[in-house]
Structures are given as C-alpha cells and as structure tokens.
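Structures incoming, each one as structure tokens.
Consider the two complexes below, in which chain A is the common component and chain B and chain C are the respective partners.
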Partner chain A sequence: MTVPGPMTSGPAAGGASLAGKRRARPARTWPSFRWVAIAVIMVGWFVYYPIVDNFIVSTTNQDIYTGEVEYVGLDNYARLLDDPVVWTSLRNNVLYAVISVLFQVFGAFLLAAIIEGLQDERWQRFWRAVYFVPSAISITVTGLLFYFIYQPKSGLLDAALVALGLGEFVRPWLGSEHTAIYAIIAMSQWQGFGYSTLLFALAIQKIPRELYDAAILDGAGPLRRLWNITFPMTREMTGLMIIVTITGAFQVFNEVMVMTAGGPNNSSQVLGTWLYQQGFIQNDFGYGAAIAAVIFVVTLLTGIAQLWYTRRRRVQL
Partner chain B sequence: MSAPAISRPAGEVDVWAVIARTFLLALLVCLGIVVLYPLVWMALNGFKDNSLIFGDPFALPTRWNWANYAQAWNRGVRDYVAVSLLVTVASGVCTVLISAWTAFGLTRSRMPMKPAVVGYVLGALMLSPTVALIPLVKMLQSLGLYNTYWALIILYTAFRVPFTTFLIRAYMLDLPRDLDEAATMDGAGERQIFWRIIMPLCRPIIVSCVILHVLFAWNEYLFAMIFTSGANMQTLPVGLTSIMAKHGTNYAVVFAAMTISALPIVVIFFAAQRYFIRGLAEGIGK
Partner chain C sequence: MKRSVHIVAIATATATAIGLSAGAGFSREAVVADPDAKVEYSGTLSILTKFGLQQLSPYFVSVAQEYEKLHPGVKIELIQESDDSIKGKTKTLVASNSLPDIYFTWTGSWGENFVRGDRAVDLTKVVGPDTVWGKTLSPAAVKAFEYNGKLYGVPLYLDAKFMGYNKQIFEKAGVEAPATFEKLLESCDALRKAGAAPISFGNKEAWPAVHYVGQLLAYNVPTATLERDFDPAEAKFDDPGYVASLAQFKALVDHCTDGAAVNGTSYAAALQAFSNTDAAMYYQEIIEFDQSASADTKLKAADFGFFRLPPPAGAKGDVKAIEGAPEGYMISAASTNIPLAIDFMKFVTAPDNAKVLSAPPYGQPSATIGGASEATMNPAVVAGLKDISEATYLMPWLDTANTPRVAAAWLSSLQALAGGTMTPEGVMEEVRKASAADAKRK
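After this line comes the complex of A and B, so read on.
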C-alpha cells in the first residue's frame, strides 16, 4: 500500500537481550505473557493465518455460489504463465518500481539536499511541509483529482498544454492504452515524493556539521560536498528507501483502481488490481489467490532484503 | 542550522553561485506550484458551476457559492464522515492500547520467549494486506462480520499493531530501566508500572502513533472497499467513489466532497507536524 506508507520497515529482535546483560533479572514468569497475548492472537489470526490459507485457496477452484471446492493442484499457477494480463501487470509493477525509485529516492534525495542547503531554517520547514501535503491526503481524493486533471477538454493538463502552445501533446491521458499507466505513475510521484523528501531531509540533518566545515576549508564546492559527504552519509537511508519503494510498487492498488480500474483494455493493470478483478469481479478465488501468491513472493524477497539491510546497518553502528 | 550542501562560505562572491542559487530557488517555487495548485484548483472548483468547470479550467469562481459544499455534505458526505470517524477512533484506540501493552511486555515485563515474540510481531510488518485479501473475505464472511464496522476496526487494528508496536517498543527501550526497578522495590506490580510510570513517559510517541494511525485509517481504501457495501457502511474514501458514480455529471459537487474529505487530515498534519515527523522518522530509520 503506498498511502504515504508510514507503514514500513522493521528490524526484528534485539530488545530483550539488552536487558539481560545488565544484571541478573528476576525469573521469567508466564503470567507476564498477558501483555502480548492480544497482539499475538490478533496478528496470528488476521495477518499470518490468511497468508497460509491463501496458498491453500490457490490450489483449488471454488464456486462461491454453491460453495463447491475442487482441488486442482498447481493448475492456477500454470494459468498465470499463460495469462497475458499477468505479464502486462508485472511489467507495469516493474515500471512503477523503476520510475518511483528515480523520483522518490534519487529525486527526493536531491530535493532534500537543496532544501537543507537553504540558510533559513523556517524556509526549510516551509518547503518540507508544502511538499508533504499530498502525502497526507487519501489516494481516493488524489486519484479522483487527477482523473479530472487528465480529462480531455475540461482537464487541467490539456488546458495547460494548450496555454503553453504545446497543443499537439493533448491526448486522452487515461483513455489511451499507451499513456494510462504512465499517467497513473505520474500522479503517484506527485503524491509520494514529499514523503521521501522529508525522510531524506531528516537523515541529512543528522550528518555532523563539522564534516561540511572541514570540506569547505579544503575548498570543496557544493557539488563535491553533495557527492562526497551528503550522499555517502545518507547511503543507509537511500538503501532503505529503495527497498521500501520497490515493495510499495508491487503492492500498488488504490491509484490504479480509482483512476482506470486497470483499463483501457487491461493496459494499466497491476498485480493488485488483476487480483481484485479475478477474485472479486470474476469470483475466481483460486486464481486470485495464485496472483496474490506472486505478490507475496516478491514482497517477501524485498522484505528479507530490508531486514538484512537494517541488521547489517546495526552491526556497523 | 547552517547550509550543508549548497551554500558557499560567507564573503565569497561568485556569479555562478548566484545563478545556481536563483535556479534552485526557482525550482523549489515551481515544484511548490505543481504540488499546491491542483489542490487549490480542487477546492475552488467546489465553488464553481458545471459550465464554468467545463468552459475554462483556469477560471476563478465568480462568487463564493457554498451550495455545492452543502449539497455534497447532505448527499452522503455527512454519513461517510460519521462512519470514518467511528472506524478511525475505535481502531485507533484499540491499536495504540494493544501496541503499548505489547511493547511493554516485550521491553519491560518478565515474560518468557521475548525474542521469539518480537520476531513474530515485527515479522508481520512484511506481510501486505493485498495478499491476505481473499482468505480474509472468506474468514469474515464465516464469522458474520462482513459488511460491519467490526470488520474494519478489527482489520485496521490487526494490520497496524505490528508497526505501532515497533514504534512504541523502540521508544520504551530507551527509557531508563532504573525507573521500573525502583518501582519494583517499592512493591509496584507490572500493571502499576505500566500505567503510572511508563505510559506517562511515552506520551510523545503515543501521540505520534495516534496521528499516524488517523492518517492511515482516514485514508484507507482497499479494506474499506472490499469489506463494506451500502451507503451507511462506507467510509469516506469509498463513499467518494460512490458520489462520483452517482453525481458523476455534477463535477462541482464531487470536487466539494473531495475537498471536505481532504481538509481534516491536512489540518491535522499542520497542527501536529512535530509529532507527525517524529513518528515518520522513527518508523523508517530507528
């Protein structure tokens, strides 16, 4: 989910051992387990179990009206390989990931460096806040807003192009198979770059000032300082943001659903919307679950990368 | 804080630096316009009538016509806001309470198997709601919770507890341990330590968690769309798409409804920016 996903990241373990080392603690007691009992049950029931169940459902064909369940083994996965829309969706997810990494990681990094380079702290705060505003707004609102912006004739984009003398570029942005997914991705960048800019700005603020002072004494210009100090000193944030952004790109759903629902002619489908289309519009739970399994595998890989990354970082510190 | 990346040392005058600085400022301003203008356009369109919206996208409204806003509010937005408020508040209270308990158990209680439970709860951060969708529909249908507020309250809580626990746990780990030890000496039980000592100290991170949860729940679309149907069950994000379907030809009303639904969260963001940013920063990098 990309809603300005403050829902990211997580190194595991490590808390308990800290306490143990300091001094002998009273014996462990089971009654204290009650503090975590509700979370353990809820997470197991509503987060972990459905993932397991998803794999079971994906090996069946289910008739949701009669309730009949037929075991079909890996048939649904074989269907995936032959489904051209699955490949379109994958391609669109990859496009989403690549473009988002360019704008929301590297673009946001540069923007954050520019903002943090301003002399006046109030202006720094002002720009960070301005760029963040779209991230606070629901995707339904921004999706609908851009649906209107991309409208032929009455839309803001075409009107702006005409006003700038670029009338030849006017087109039905969401109505064309060639541009729909790019129009959606563009909206997503508009909404998301302020969030990552804010995070990069916070990372840049943690860099010790002395490094810059020393570089200035050595005669290093702004670009050299950017490349030799700011970039390496925020490398961890950059790595983390790349992973988080890729994860988000494979979970994309809302933007596409609100703006095109995958159309025209399935050209803007992503895995999430194709899962919805198959599972809930066609009522084909088994096949939908197989698509979900693909999303699961990809996000599990990026999740492991993230865990590995945060662990490694801890060791370095 | 003095300029790290871009600025030059004082006293040095360089034509290129001035040009670069001007260019960068222009870039910031242009980007600011690209970000804010569509939002202003949205709010202004709520005051226009259809002919003006279709006629000239750049036109300013001729008068402050609140009728569209009133119409949007009365034709559904009021109900959607009520549902969104209910779901947001209920799931927020549950999420923060359960997460605080869990974080306390994981950092300061004498419970066994802490590392395993930490891995279990935080590992859930890696699982996305999309993947669980089909099994969850089957499960909530068989529990009879489909199309109830409970469906959203339970799911928002279950999927947000790992992240919120992660934030609160990181904060609790940094609190001095002597506090609990002193309290234990004085004969306080774990429950008293939690409510009387730890929770008051955790207030800043709790506020951050509440705000991040409000942002999440107010804007959530996937679960809300799948698990509720019918006008009196829909939250704002889903309701907006219904308004679009029903009044799609009356653009002005749709714009007014969009503006009403975006406004509270923008106001909350600016009012509580400090807590907001703390939460985001801790969430990504601790």
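After this line comes the complex of A and C, so read on.
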C-alpha cells in the first residue's frame, strides 16, 4: 500500500524524475476512496435515494395508518390529467414564473443599471441596501406582514386606496378567487426584487469602464449604452437569473402556505402546496409523490437548460 | 434557495417516511391495555398535545413537572402543536412510525384511522364505564372514542360550538338573542342598521365555515342520514336538507358578515375583532370563551353572552343537536411503557388537575366528573356545559367525521360558496364526487 504524504506527493519530492511523477498518483488508488465514501453515501442516501423512492411511491397507493401498499402503476399520473386543481396549480406556477421573470429579471436589471449609473458611490450603496432589505426578512414574517396589509377593510392597502379616492378597487385581496394568487405573487416580487437587483449590480460592476468611456466619446446616450453595452455584457447573468427564477417559481411553497394555504377554493394552489395537501392532509401519499415527480421533472429540465445556457454563453472578459 | 430546500424537504419527508414505513413495518397486532399491569416509574414518556397556543401551553408543562416531581425516575417530553399544525405533524409521525407514547386525537374518522391501523391501545379494560378510572369520566365523552365496540381514547375536555355575543352591542341595537335562524338574520340586519358589524367571521383556514354548516346540517338532515353519509361506501348526500343548510349558510354570510371578504380573514383575527368589541357576534367553541372575554380583553366577561346557533323553522333534523365533541388522547400501541402512559393520563384527568384545566386562563371544560368547579370557572363555560348536557345529539365536526378527501371537498367548496363563486348544489356535487372517489378507492 502506498501511503500518500507530503514527501511523496509534493512537488519537492516529485522533482523532475519519472519515479516522482508516478509517486504523485497514489491519490487515485482504492484506499483513498475511503475518505470520500462517507460523503458519497450521504449524498446517495439523502439526495438520490429520496428521488428514486419518490418515483416508486408515486406508483402506489399507500395507507400510512395501516402500512398497506397497493401497486397502481401509472394510475396516479393518469389522475393528474383529470385533476382540475393540478391544472390550476400549474397555471399559477407558470404565472408566478412569468411575472417573476418580468420583475425580478428585467425590472431588477433596469433598476440595477439606474443605481450603478449614479455618480455618487454613497448613493449607490444606499439604494442597493434599501432594495436588498426585504430579501433579508424571513418569508414567514413577510407573509404575515402582507397578510395584514391585504386585510379586508382594516388593511393598509385598502386604506390607502380609499385615501386616494380609489375606493372602488377595494376588495378582499386574499379572500377572492380572482385576486389571491396575484396578491401572493406581488408580495413575492417585493421580497425578491432587491436580491436580483444586487446580483445585477455586481454583474454591471464587472463591465470595464473603458467600454462606457469609449461609447460616450462616440456620442452614445444612456439608453444606447444600456442597450449596446450593459445588456449584452450582463447576458450571462440575465440568462442565469431567468432560469433560477423559473425554477424558483415551480418550487414556491412557503408564501402560499402562510398567506392562503392554497385557498379560497384552491384558487391559489401551486404544485408544492397541492402536493402537501394531498400527502399530509388527504393521506394520499402516492398521488402526492406523483405531483412531486412533476415538479422534479420541470425543475430538472430547467436545471439542464441552465447548465447548457451558462456553458454556451460564458463570457470571457 | 430557501424554496428548493423546502420542496426537497417535503419530498424527502414524504418519500423517506413512506419508504421507511413500508420497509420497516410495524406491529399489526391489536394491543390491549392490562388493568393489572405494574407501573414502572422510570424512563421517558413522549406526549403530543394540541395545547401549542401560548395561553394553553403551560397546562401540560406544569402537569408534567408535577408528575416528574412525584416520580423522579420519569422524564416527560412534550411536543406541543396548535390546532392547525397538529394535523400535519401527526401524519408525519404516523408515516415514520414515530408516534409518541401519548398523542392527541379528535373523535370520528380522525381517531378511527389510528384504530384501523392498530396504532392505538385498546383501553376498554381500564377506561370502560365499569372501571375505577372510567367512573371518574363523563360516560358520553368516553363513548365518543368507541370504535368497533371498544374504547380507545381518554377524553380530556368537552367542546361544542356556540354563538357568543356582546350584550352591550345587542342592547344598543335593541336586539335580543334570537330563537330561530330567521330571527338571527333579522338581528343581523338590525345590528348593521345600528352601525355594528353583526358577526365576525374569518374563514381563511376554511374550517370555520364547516362548523357553521355542520350545525345547520344537524338541524336540517335526519341524524341517521347524516351518519350514513359519513361512510363513503354508503354515502349518498341526496337529502334535500343538505342544499337547504347550504342556502341558509349563504344567507348568513350575506346578511351577517363581510361577505366574500371572510375568506381573506383568519379565524384568529375574527376572534380578536369580537374580543375588541368590533363585532356583535362570533361563532366559537366553548373552549374559546375565556379567550373572547377576559380581564385582558376589551370585551369583559359580564358583557359576554352566548346562544346556540338557532335552528331554522321547519327543520327536518334534530333541532336539539349541538355540534361538538370531546377531544382527548390515545396511547400508542408501539409505546414501550403503556402502563406508565396510562398512569400519566390518570394523573392528568384527576379532579385537581381537571379543575385547573376548566378554569381560566385555560377554560377547557374537563371531561372528568367533578372536574369543573363553578367557583373557579367562567360562568359562561359552566352554562355552556349545562347546554351540552341537554343536547340530544353531538354532531361531530364535519372535517374530522368525514374521510380526508370528502372533508377537503367540504372545506374548499364552502369557501367558494362564501365567496359567491359556487352554488349550494355545486357544493353538494363536489362533495358527492369526492365521496364517490373514496368509495371507489376503498
């Protein structure tokens, strides 16, 4: 057995001799795998086993009280197609994704460009902090905060509308099937906007100043500089943010649970909360696992797209 | 990132819990409590309670401390959950075969699940009506935990639903406690005219609407039909009393509450509005009386009154029925120290502890005979208990009496009915569909 050590694996020991180079390879021998075995087992057990097991569970009907398991093949997946709440949930997830991309990617990009365009660095720091603060608040606290803002009659939003003479727009924001999901999405934008802005600000800071100086000399105005320099030079970050935002929109859970628990009448359900409802409320774990499988496939595909995009668009500065 | 962690956590919990339960298995043998078993006062007892709320949580803490003081070899571990969180928590514990030694349960299908899965100890020989312990407990409350002719639960307190009202607001509006449902609607109109919000109603959690409808169903649908319909294999849900009850509920929402806005208000906020004297009435459980009106609330006990939700004229069900049920505890069949668990529950339900439970600040009317001391209790709770004892039928909570899928149909459809996006017929259609799906699954 070769014992790896500083005298055998370090450059000093290896020198230029062939023997030294051979001795630099013992890290690849079997005994060294012992050191990563625990990590591999942990990852396998906690990450990959539940994924595989989830697919197995999704092909069964299980009674958690009796422990009885009945194999039903793809029946739970067939049920997904006939379940109107699944379609409502999917629609809400897509809405979440589209609105989040608009606000947290393109809106945040514009805001970051404006902040980074400020001349005084102290103001830049100030506005970055101002927009980032909501991201530092826990989602449960934010959910409760907005629950009070949206309260019918006594809530801040309705009071503001009345004060502005817009009383006709007063409504039970979380209590109406038509507005509940939008009210939740709006809260989510409020919270996530600053974080995205900060990431875009960092990307913009990496752009060489010379490009802007040259553009100014060429007579380019702020909008042209934004379109011809800032936007292309942050394309990698934009692509990444789009994918991260879409993935996040399909994994949304806390916001909905805290504010409406999917109601009223399941109008604000998303796949995550419907999964929870099926498994932990209706004891239908097999069906819940089938919903989890759908979320997994959607987020996996988005993840693959993310990898593909970042490899293709990597910018060398 | 937080979101993904959460989703992964749920999926992992679901899959792993199911995987473990399927793989590891558990005892499928019925466990019967032995009344002569010797109690070993050593080891740890774990208890899942529904007293997670700040006002209630000290009760089990102090009882556990007293028990530990009496028996130094025993350590009590408490898991205290709220009314909402205990549902998910219990199922997670069941799925992972980790039920504590003693756990909270409702009556109806909720409790039946534990019995069906042989997860509850048969307590007939220790808590039955002829036993020493059984004689100290309300017989009706003990019987509420009867399944297949055997007793599985230890009732801790009694519960039922009443309409609490603010006497001062009623007096100012010239309104009296109504005797019929129609009079209640008229009272709401009169209160509104007088500038008061008639009923404070928060239905964000969906179960508060189920409580209104449960009581109306008891009035409008014959009891035998109701009980038949709790079982999906037999259920028809075709009695005209169902649609009539739902129409009455919708009329109540329209006349007496904020209408569709109720779905955006939590039940806790509604209770707060009532105890802040911002509303004239609030439909509440007897165990909430001490939260509605106390020394710390704007609404004082002297101004608090209550009445049963009044029955509609010509109702075809049981007009003397009241919605409510005792709530209690079961002992896990997997417990390694069943005699100790039984002994602890005997201690919890002993008259001295029962009196503490019945009195403010807890205000949970004990199921122990002699466990309610009128000297220390809120007079409204005492009067409510008397009313419960006069009821001819205890209508179980709809969301625990029905199977989870049917309960879910009631919950979501009633939100739609309150919000004005579904008709009473539409609600019944959804309930029938859920029941049929359950029958097919079984």
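Heads up, the rule we're going with is that the second predicted complex is superposed on the first by the 275 of 317 C-alpha atoms of A that agree within 3 Å, B and C clash if a C-alpha of one lies under 4 Å from a C-alpha of the other, contacts with A are read in each partner's own complex, and residues count from 1 in each chain.
The rule we apply is simple: a residue touches a chain if its C-beta (ideal position, glycine included) is under 8 Å from a C-beta of that chain, and two chains touch if they have at least 3 such contacts.
If you're wondering where the values come from, they're calculated on a predicted model, not measured in any experiment.
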Which superposed partner A:Thr66 touches (first chain B, second chain C, both, neither): second
Partner chain in contact with A:Ser176 - chain B first, chain C second, else both or neither: second
Of chain B and chain C, the chain that contacts the larger number of chain A residues: B
A:Ala203 touches, of chain B and chain C: first, second, both or neither? first
Contacts of A:Asn54 with chain B and chain C, given as first, second, both or neither: both
Contacts of A:Gln282 with chain B and chain C, given as first, second, both or neither: second
Chain B versus chain C as contact partner of A:Phe253, first or second or both or neither: both
Which of chain B and chain C A:Gly263 touches, first, second, both or neither: second
First, second, both or neither for A:Lys153, with chain B first and chain C second: both
Footprint overlap on chain A, where chain B in one structure and chain C in the other make contact: 46, 49-51, 53-54, 57, 139, 153, 247, 251, 253-254, 272, 275-276, 279-280, 285, 288-289, 292, 295-296, 299
Partner chain C, residues of chain A touching it in the complex: 46, 49-51, 53-54, 56-57, 61-67, 69, 139, 147, 150-153, 172-177, 180, 247-248, 251-254, 260-261, 263-266, 272, 275-277, 279-285, 288-289, 292, 295-296, 299
Parts of chain A lying in touch with chain B, wherever the complex brings them together: 1, 3-4, 6-19, 22, 25-30, 32-36, 38-40, 42-51, 53-54, 57, 111, 113-119, 121, 124, 127, 129-134, 136-141, 144-146, 148-149, 153-156, 159, 163, 190, 194-195, 198-199, 202-205, 207, 209, 212, 216, 222, 225-226, 229-230, 236-237, 240-241, 244, 247, 251, 253-254, 257-258, 272, 275-276, 279-280, 285, 288-289, 292-293, 295-296, 299-300, 303-304, 306-307
Chain A-touching residues of chain C, taken from the complex the two chains share: 2-4, 6-8, 10-12, 14-19, 21-22, 25-26, 28, 87-88, 91-92, 94-95, 113-114, 116-119, 203-206, 258, 260-266, 269, 404-405, 408, 412-413, 415-416, 418-419, 421-422, 441
Chain A-facing residues of chain B, complex: 1-9, 17, 20, 24, 27-28, 31-32, 34-36, 38-39, 41-42, 45, 53-54, 56-58, 98-99, 101-102, 104-115, 117-139, 154-155, 157-163, 165-166, 169, 173, 177, 190, 194, 212, 215-216, 218-222, 225-226, 236-238, 240-241, 244, 251, 254-255, 258, 261-262, 265-266, 268-270, 273, 277, 279-281, 283-286
